[in-house]
Amino acid sequence: MIESLELSGLGASRGGRRLFSNLSLTLKMGEACALTGANGSGKTTLLRAVAGLVEVDEGTVGFVGMDPSEARASGLHLIGHQDGFKPGRTAREELDFWSLWSGGGERELQAAIKVLDLKLLLDLEVRRLSAGQRRRVALARLLAVPRALWLLDEPLSPLDARWRAQMGEIMARHLAGGGMILAAVHDPLPVAAVTFEIPAPGDTSSEVAL
Amino acid sequence: MIESLELSGLGASRGGRRLFSNLSLTLKMGEACALTGANGSGKTTLLRAVAGLVEVDEGTVGFVGMDPSEARASGLHLIGHQDGFKPGRTAREELDFWSLWSGGGERELQAAIKVLDLKLLLDLEVRRLSAGQRRRVALARLLAVPRALWLLDEPLSPLDARWRAQMGEIMARHLAGGGMILAAVHDPLPVAAVTFEIPAPGDTSSEVAL
Amino acid sequence: MTWAPAFLSNPERFMAFSRWAAPMFGVIAALLGLAGLWFGFTAPDDYQQGATVRIMFIHVPASWLAMFAYACLAGASFLALVFRHALADAAAQAAAPLGAGFTFLALVTGSLWGRPMWGTWWVWDARLTSVLVLFLFYLAYMALRASLDDEVKGARAGAILALVGAVNLPIVVWSVEWWNSLHQGSSLFAKGGPAMPPVYLTPLFLMGLAYTAAFGSLWLVRIRGEVWRRRAEAAMARAARS
Amino acid sequence: MSRFSALLARETALAWGRGGGPTVSVGFYAGVATLLPLAIGPEAQRLAAIALGAAWVALALASLLSLDRLFERDYEDGALDLLALSPLPLELTAAAKCLGQWIATGAPLALAAPIAAIGLGAPVSLAPLVFITALAGGLAFAFVGGIGAALSLGARRGGLLTAVIVLPLLVPPVIFGGGALDASASGLPWTPGFLLLCAYAVAALALGPIAMAAACRNALS
Amino acid sequence: MSRFSALLARETALAWGRGGGPTVSVGFYAGVATLLPLAIGPEAQRLAAIALGAAWVALALASLLSLDRLFERDYEDGALDLLALSPLPLELTAAAKCLGQWIATGAPLALAAPIAAIGLGAPVSLAPLVFITALAGGLAFAFVGGIGAALSLGARRGGLLTAVIVLPLLVPPVIFGGGALDASASGLPWTPGFLLLCAYAVAALALGPIAMAAACRNALS
């Protein structure tokens, strides 16, 4: 179980341009952090760096209580802009697979389906789902497999008011159980959270050593 | 030029389930309408029906001042959940093509690029763009080719606060010039607009006659 | 001919008509078939082909019906596509497996006949290949309809395919004339009347009529089944919603 | 017209990147020309006998296998919606897609086909005929393949279905073209087969777009 | 292990729908077997001479053309991110994808290959050898093709790159397998060629996943 997430002195760049540098942030059990910042400021990049999918230029990503590679393999959830669903498969097929893939059990999956009210959607092909329905199917992974750290990239934008509130409750429950949430958002999170804004990049440019 | 949009007695169904029926709505020059409703209530379906991509079961979609097929071919813009960009092509290639496709000229395109501050993004492949940047490229079509009716499906969700405000101004300018906006949203539009909520479906079911 | 779609386009009228027409065609098919087989098997052996000539009475009408059924499929698809008529669509859907069956029969019997006559089960000539292509079109039609689970979309996609496949029909019919083929040309509809002795012509003719009646009967039965299935599904959907 | 040519340019570029282009077709035929002798042994006679046919079948197979996603990407990423909303009729849009596919894939393959055939031992004098046959055949394959691709949009087994639908449609042009090549190789007149091939290509060009547009509209609605 | 098998099942299902599966492979070989005689003329002798080779080349081509998007869809829709975040090493993930591709496409093709070869006139006694050769060859093709598919991720000319990278890698197995078949047809010992083929397949199985995982990581970061 991850006990806390500690980013210290992080810097990352994309396409030769430094997005952020010297970024430090600590997230303890039960805490949520709303990551804000202008478009292109590097929120998605930061989440992916925490997940180990993007290499950082400097600084470290530390998971207290767990080995980094283990934490990434089985201690966190990443829900990105794109959900990885294949349009032609049914929601049930996709959900079954991804919950198995994350090591989830049948019982939790059924509970998640119930909480997110997916029963009637499961037999539809993913391409038929409305934007909000599809996002709900993607979010079901969070509940189907309990993991401490949730990395969410604009998780709520396609949801309607009712489901935003519901997700707020779900997040609150996760936090109450000792979980952590790091969410990139443009609107406030429906749960108590500290806000961390990625500063607009200075003109520190990453340099190519020759 | 479309002078107004008149939906009367519209009903549509998907997968054998009636989404809405007897829906009537009039949008006059200079008016904006925020289409709201729960996830899966049929907002996207309604926009696509106005664009003629979805067949309606009953009722009519009327464009005052223009023939429907002409209005759909060259009187309206549809910006959907999906933007039709190919991840491997550069933003410039995509934008050039779609503006040509909609019959736009070079001058307007340059103006759109300026207003939406796309200059630095144009040489990036679309897959490299951040979510908000990508949406801005998609929205540039609205300005590159002036058309009266804008059908927008959750246009602002990935944009940051600054760009939401900017888009508000752009929309206001469009309305002031006699344009119309029909936008499916979950958050209020950043421009004065009437709200139209798609009611939860009754149990009227569409039937296949035999 | 225009009255026929108009008359049958009313499902109620169609159901009333087919209730007695289907069994009647069945009886006609049985009677004609028995007569055809009787004459066929009492006909003398051919001086060249021997007893295998009798395969003709199975093979030739099956080949005819293979093409005729496709014409029906294409015609019904056209009506379904242009007039959006649900019954025409049901008729198209019902015709496909029957046509595939006749085509299969023509292929198998032709191949059985080809062994003694040509010394091979199969050659890749234009006639045989175009019949195989006809069979593939039937399969493609059924596969397409089966894999689109939206009924309306599946119906339209199938109709488009059926019409596209209609280009193959003239190729089947005229392939023997366009390409030199092992398969013989038309002797029945040749210029100057059928070039076939009446002992063979009569049973062939009877069998042709019997096959046609059988096709008519089975087609009506299958359309009826299709109508019932759709009505039941609509009712179930209604029940599920209320 | 500028719409049509813009779309044509885009489709050509996309198909080029997606697996078309001269290098790929040369690579493909290089594959056929190297692999076939390797697989069936290098005796020149055996090879020469089949050189033309092999080049021709390879063309049909390449078309078959590269066409199945002609519309699918656009359907799934929303581009087909925007393509449908245009003064350009969907028929012409579909035609532009097929033409683009042909320019990016069919034409380079047609250029490579005579080389491969000669490499396998076909007489050099046949090269022009192989080229124009492949050119016309490729056009027919592209337009016929497009029908299959459009019809199987939104189906659960897209790729499979495309192949099953397209296969019967590919048979006539293969007969015609192969017949023309075969006839020419044996000194018989090749024009009848070639003219039939051209007629088929023209028919595919004329009727294919109608079927594709109808199928696309059906999938979108 | 349950992760691996779940992924294998998913990949098999996806490849099956994407253009694999028994019907398609039978259709593909039916295409080869119908088109080839149509194109090169129906003389039985000519056909029989090339039956084995044609079946074998068709297998290689089918693999080449169906493999180029093994990773691309997952890369573009974000699934590859999630696949990378797992206790299962990316090497095994890549192996599962290739295996799924082989189960859905290679194995049915291998089943269909002897039928096509016999249909074209190859001696029936060769059927088992054609089958196991195609099976082993398909495995090699899938793992080698996967390398190309992974390397071309995110490249602007994906298809081109795959062909250029994969084609040379496909040559050895084609030589080995074709040689074995040829030898057996002429009554020579076929084991050396077959063993070389198996060795190549094993090497591809062992080394392919390492290369694929490295290429995927590179594309993601």
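Read from first to last, the chains carry the letters A, B, C, D and E; within each, the first residue is number 1.
The working rule: a contact is a pair of C-beta atoms (placed from the backbone, for glycine too) under 8 Å apart; a residue touches a chain by one contact, two chains touch by 3 or more.
Since the model is a prediction, treat every value here as computed from it, not as a measurement.
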| item | value |
| --- | --- |
| Fewest touching-chain hops separating chain A from chain E | 1 |
| Chain labels contacting chain A and also chain D | B, E |
| Chain pair whose interface holds the most contacting C-beta pairs | D-E |
| Furthest chain, CA centroid comparison against chain E | B |
| Chain whose mean Cα position lies farthest from chain D | A |
| Central subunit by CA centre of mass proxy | D |
| Between chain C and chain D, centroid-to-centroid distance (C-alpha), Å | 32 |
| Approximate Å spacing (C-alpha centroids) for the pair chain B, chain C | 49 |
| Whole-Å separation of chain centres (CA-atom averages), chain D against chain E | 22 |
| Where chain B and chain D are represented by their mean Cα positions, the distance between them in whole Å | 37 |
| Sequence positions of chain D contacting 2 or more other chains | 17, 154, 156-158, 160, 164, 167, 171, 175, 179, 221 |
| Interface hub residues of chain B, defined as touching at least two other chains | 15, 81, 88 |
| Numbers and ranges of chain C residues touching at least 2 other chains | 129, 143, 150 |
| Chain A - residues contacting chain B, complex | 14-15, 37-40, 43-44, 81, 124, 128, 130-133, 136, 153-154, 157-164, 186-187 |
| For the chain E and chain D complex, residues of the former touching the latter | 16-21, 23-24, 27-28, 30-32, 34-36, 38-41, 46, 49-50, 52-54, 56-58, 60-62, 64-66, 68, 156-160, 162-164, 167, 170-171, 174-175, 177-179, 181-182 |
| Touch list for chain A against partner chain E, complex | 48, 51-55, 70, 72-74, 76, 78, 80-86, 88-89, 93, 97-98, 100-103 |
| Touching residues on chain D, where the partner in the complex is chain C | 147, 151-152, 154-157, 160-161, 164-165, 167-169, 171-172, 175, 179, 196, 203, 207, 211, 214-215, 218-219, 221 |
| Chain C to chain D touching residues, read off their complex | 81, 126, 129-130, 133-134, 136-137, 139-140, 143-144, 147-150, 153, 156-157, 160-161, 163-165, 167-168, 171, 178-179 |
